[in-house]
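Should a chain be cited, it is by its letter among A, B and C, assigned in written order, with residues numbered from 1 in that chain.
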Amino acid sequence: MGKSKLIYYMRHNALVTFGFAILALLVLASLLAPWLAPYPQDAHGAVHTERAFLPPSGAHLFGTDALGRDLFSLVLYGGRISLSAGCIAIVVSVAAGALIGLIAGYVGGWIDEMLMRFTDIVLSFPPLLLAVSIASLLGPSLSHALLAIMLSWWPWYTRLIRSQIVQLRSAGYVESAIVSGKGAGAIMRRHILPNSLSPVIVQASMDFGSIILTLAGLSFLGMGAQPPSTEWGLLVSQGKTYVLSNWWYAAFPGLPILLTAVALNLAGDGLRDLLDPRQKGVTR
Amino acid sequence: MRKKWTMTAAAVLLTAALAGCSSGGDSGASGGDGGSGSAKDAKVAVYGSTSEPVIFWDPSESHSNEIIVLNNIYETLLRYNAADDSITPVLAESYEKSEDGLTWTFHLKKNVKFHSGKTMTSADVKKSFERTIKLGKGAAYILDPIDTIETPDDQTVVFKLKYTATLDLIVSAPYAAFIYNTDELDKQGDDYFTKGHEDGTGPYMLKSWSSGKPVVLTKFADYHEGWSGSHYENVVFQTVADANTKAQMVKNGELTYVDMLPVQQLNALKSDSSVSVVTTPSYQNLIGFLNTKSEKLSDPKVREALVDAFPYDRVVNDVMGGTATAANGPLPKGLWGHDDSLPAPKYDLEKAKSLLLEAGVKNLTLTLTYTTGDSNQQQIAELYKATLAQIGVTLDVKPMPWDSQWQLAKATDPSQRQDIFMMYWWPDYANPYGFMYSLFHTEKEVNYNMSYYSNADIDKLIDEANVKAGVDRAAAARMYGEAQAKLNQDYPAIWMYDQQYVRVINSKMQGFVDNPAYPNVVFWYNVHP
Amino acid sequence: MLSYIGRRIMLSVLVIIGLSVVTFLIARVVPSDPAARYAGPKATVEQIAAAKQELGLDKPLPVQYVRYMAGVLRGDLGTSITTHNKVAQDIRGTLPPSLELIVLGMLIALAAGIPVGVLGAMKPGSWIDGFGRLAAVVLVSFPSFCLGFVLQLLLYDWLHLLPVSGRVSNLAMVLHPVEARTGFYLIDSALAGNWSFFGDALSHLLLPALTLAAYPFGLVVRMVRASMVEVLAQDHTRLLKALGMKLPKIAFRYAFKLTLPALLTVIALSFAYSLTGTFLIESVFGWPGMGDYVSKALITNDYPAVMGTTLLIGIVYIGLNLIVDLGIAFVDPRVRWS
């Protein structure tokens, strides 16, 4: 029993390590885009119509697009947009969600009731539909798509943090801290936040993947990033017309989306097992 | 260990089974032909349309893509042939106009039956036109010159005009000129057609339709031209938005005709023997309107620089891959009034640079709007942006949904409007007036004159040419030529290209002539399987 | 329990009203000119003014909202700007194709996901478990539109197994038409006994359904595996094992029943996902369903169509949430008190 469990974890951790490695690679590649990209000017408006639709080769690892731009360079630069956009979305959602959750959970009473009902209402909106409505309200753009994603993701963290706090409040050491007259800020900082952090980290790492997918989906539908951006989802959508004739155009920008999402899911799975074994295998 | 393997195998099999049962279902389906389609059946033609074929079922309201269907159900008095600038009789056997050009008499063909069985008379013609004029929807404004319609006998219709006009071309128009049975509307209610019914005289009748599903037409046995010879008996209009799918389907014979395809797919299909590619100059062009009212562009020298900096050859050859030709004015090649003697603008970056220097313009930043999702416009905009960057002009390219693009162009505060507006244009019927008047005639309220151009001389020429056309088309054409030459000296717009229609058709489809006066319409009766 | 149900239903009604206000505002504040679109291409100034009046856009916003909601209560969702049909009629036409797709996608996901999840839970760490988990992760992470392309290339372009897009081939449409009774092609053709049409429609349905099934499949595998592992670790299953019962029998006969609540939750969640997941998939496969309808409507600012579909999808989504919450509350009494 003991031995098989060990093997199980080893194998599991190998997958987790694999996930983190892919992620690190993608992040590194995007960060180093100006040095790695063979044609950096292609991501900044250069157009070479004479070499459009070249298949993958030594000169163009991922081939070229309709305007003769090197897809490898575009994808590298696109990573900067897609990954940082995803980061911003997740950080803001977590921060906003956590803050509201903290207030609701700590203050309690009617404020709690009000905040949580509001959270419920927002949660009742189908996420893609909300994103899509906002895109059509404010006009399609990457920042509006991001805003939409943040608006539909924060409530999950509010719920999570609040339930953690409600549990923790009744924990002995927090009660004794309250009794000993420590300030609310100190109690949150010292006792509540550190303890509720791990489920949030787990959730956030899984959500990061979904956010990358949603963002790409919105761009694909024409409601996210707009040309001449090199956001991955947008590149796929531009290559969509040529799937059967020039497969590389949609395939190579699509690949990093898949890899990022897989990596984040594997990493999230591992983190959950390590940090928060109770939630094992439960996704929403 | 062995057990584990069986389980893995089971899971793999499951996946395979899913694909397997699908293929089984398919072969059981349409008689064992996997990707087969209707076009393989000799009597069925399938039109692959990029956008939904039907919006307006009412022949009086029609003004968009539904004409590809309606022109096979309904007919007009005459038909205009763009290729040789001639007119063919359809419901009218012959016609004549008075000396002053204000009275036109049409003699109708006898024994023409509506699909409901009624015989068509002059009263039906009169009532059709009168209803279209009264409703005032769609393209009804092209009937504006008509004053009264008289019916001295069952086979004769007399039109009295308010001013001279090309009535022969108007009654040939692809919209607003259909003859239909208005009695049916009196019986069934005025929204009878709108609900998806019809009663025309055309070769095909509506068999089935509901929103989002293909339109199916079937032959009208009592059609006045008869059914001898080889004809398609059923015509299906199917929406296939995705270009890949469309290319595959026409290659496999699932589609008989495809309205348009991106250059990439066209090149791949050109060598395929199962299809033919038919290229015809169209009445449509792409224009980049320069905001003549903007402070940045009020100097004609700056506008000339922008015109010179546009990479015409690369747009026509690389982006459009030969599906477009260079333009020399607002009127596309193939439409009467187009003047071949006008010089086409040339790409000359050095000249553009020195013009900007002359005008004393530095650090020019301009905004260009185009319609979201149009990949041709997008590629052209980005190419233009890269070109302008070489002479120190920054182009801010903004893709917008059409409504928003247009709304911005009509902004009450002119300083908010764009500097360059990309838009396709085409005429409502074979008449240059639709181009010249809508696009460059002075407008009190901004509608389609996206250059906000206003020039009394040109206004006068356009107005006079329109009236002249009803009496002397050649003279009118010369006047339009003069107006274009004058326009070109003012640089109100960039003539980006004239569009070519490139259709991919099944190689078995015979006798197809693309008539740009009826955009995207296939007269299915006239082609043969 | 009753008061909990009551409270949740009340909340759902509130949310639906909120949804209607928000969609209305979003749709109507958009800086565009629906009347100009409605009047058709190249409309004259007079025609646009007439269209504005016809659509009631000349009235103040609150009046428009009240009129709209009054219409909604009568089942009138307004007139689409682009199709010029009643939105309710358009939805009636596009809902069956979407539902057909969603239901088949769910069936595929369950039929494949449950066995993989159960088998994985029986032997944690085994090959089958590893395969299942990896497949789940990859399929949950696969951008659905990319998966659609991959399947098109694989099953259409290379293997020539399945048709690439559309709902049924033209040949079947013309030669063996089926009377539209329900709008569900499979049901209509089965009722009519028209099996060639049935097969044709099914073959068209498979590619998009497989694509749509990917994400729910991942969810099902994960959820079933997790709850199964939990159930199998419980004392009574251990007892059954001690009594000599074989593991597969325990898993599929007894333990499986205990995972049903979790399974129902995952079904509802997957269904909710599929409702909007079809947006992307229908656009890839040219599937004439609601997703295709609403994404076209969005691009063209067709606000009555957007509002109608948003309201409908929102209501279904809220309903599913309600079912999930009530289901959880039923299984786990602690929730009711929180």
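Here, contacts are C-beta pairs under 8 Å (C-beta built on N, C-alpha and C of every residue); 3 or more make two chains touch, one makes a residue touch a chain.
Because the structure is predicted, anything quoted here is derived from the model rather than measured.
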* **Chain nearest the global centroid, as defined over all protein CA atoms shown** => C
* Count the C-beta pairs in contact for A-B and for B-C, then report the pair with the higher count. => B-C
* Structure fact -> Per the C-alpha means, the centres of chain A and chain C lie apart by a whole-Å value of 23
* Structure fact -> Whole-angstrom distance, CA centroid of chain A to CA centroid of chain B, is 44
* Asked: Could you state the distance in Å from the CA-based centre of chain B to that of chain C?
  -> 36
* Can you tell me which residues of chain B touch two or more of the remaining chains? => 242, 244, 248, 372-373, 401, 404
* Asked: At which residue positions does chain A touch at least two other chains?
  -> 139, 222, 240, 243-244
* Asked: Which residues does chain C have that touch at least 2 chains other than itself?
  -> 31, 152, 157, 284, 299, 301
* **Footprint of chain C on chain A - complex, ascending** => 4-5, 7-8, 11, 15, 117, 120-121, 123-129, 132-137, 139, 163, 166, 209, 213, 216-217, 220-223, 233, 236-237, 240, 243-244, 247, 250-251, 254, 257-258, 261-262, 264-266, 269, 280-284
* In the complex formed with chain A, which residues of chain B make contact? -> 242-244, 247-248, 262, 264-265, 268, 314, 318-319, 372-373, 375, 378-379, 382-383, 385-386, 389, 397, 399-401, 404
* Asked: In the complex of these two chains, what residues of chain C are touching chain A?
  -> 11-12, 14-15, 18-19, 22-23, 26-27, 29-31, 124-125, 130, 134, 137-138, 140-146, 149, 152-153, 157, 219, 222-223, 225-227, 229, 269, 272, 275-277, 279-280, 283-284, 294-295, 298-299, 301, 306, 310, 313-314, 317-318, 321, 338
* In their complex, what parts of chain A are in touch with chain B? -> 45-47, 49-50, 52-53, 66-67, 139-140, 222, 226-228, 238, 240-246
* Sites on chain B touched by chain C in the complex -> 4-5, 7-8, 10-11, 14-15, 18-19, 22-23, 25-26, 28-31, 34-41, 44, 46, 52, 55-56, 61, 63-64, 136-139, 141, 194, 208, 210-214, 216, 234, 236, 238-242, 244-245, 248-249, 254, 372-373, 401-404, 406-407, 428, 438, 445, 447-448
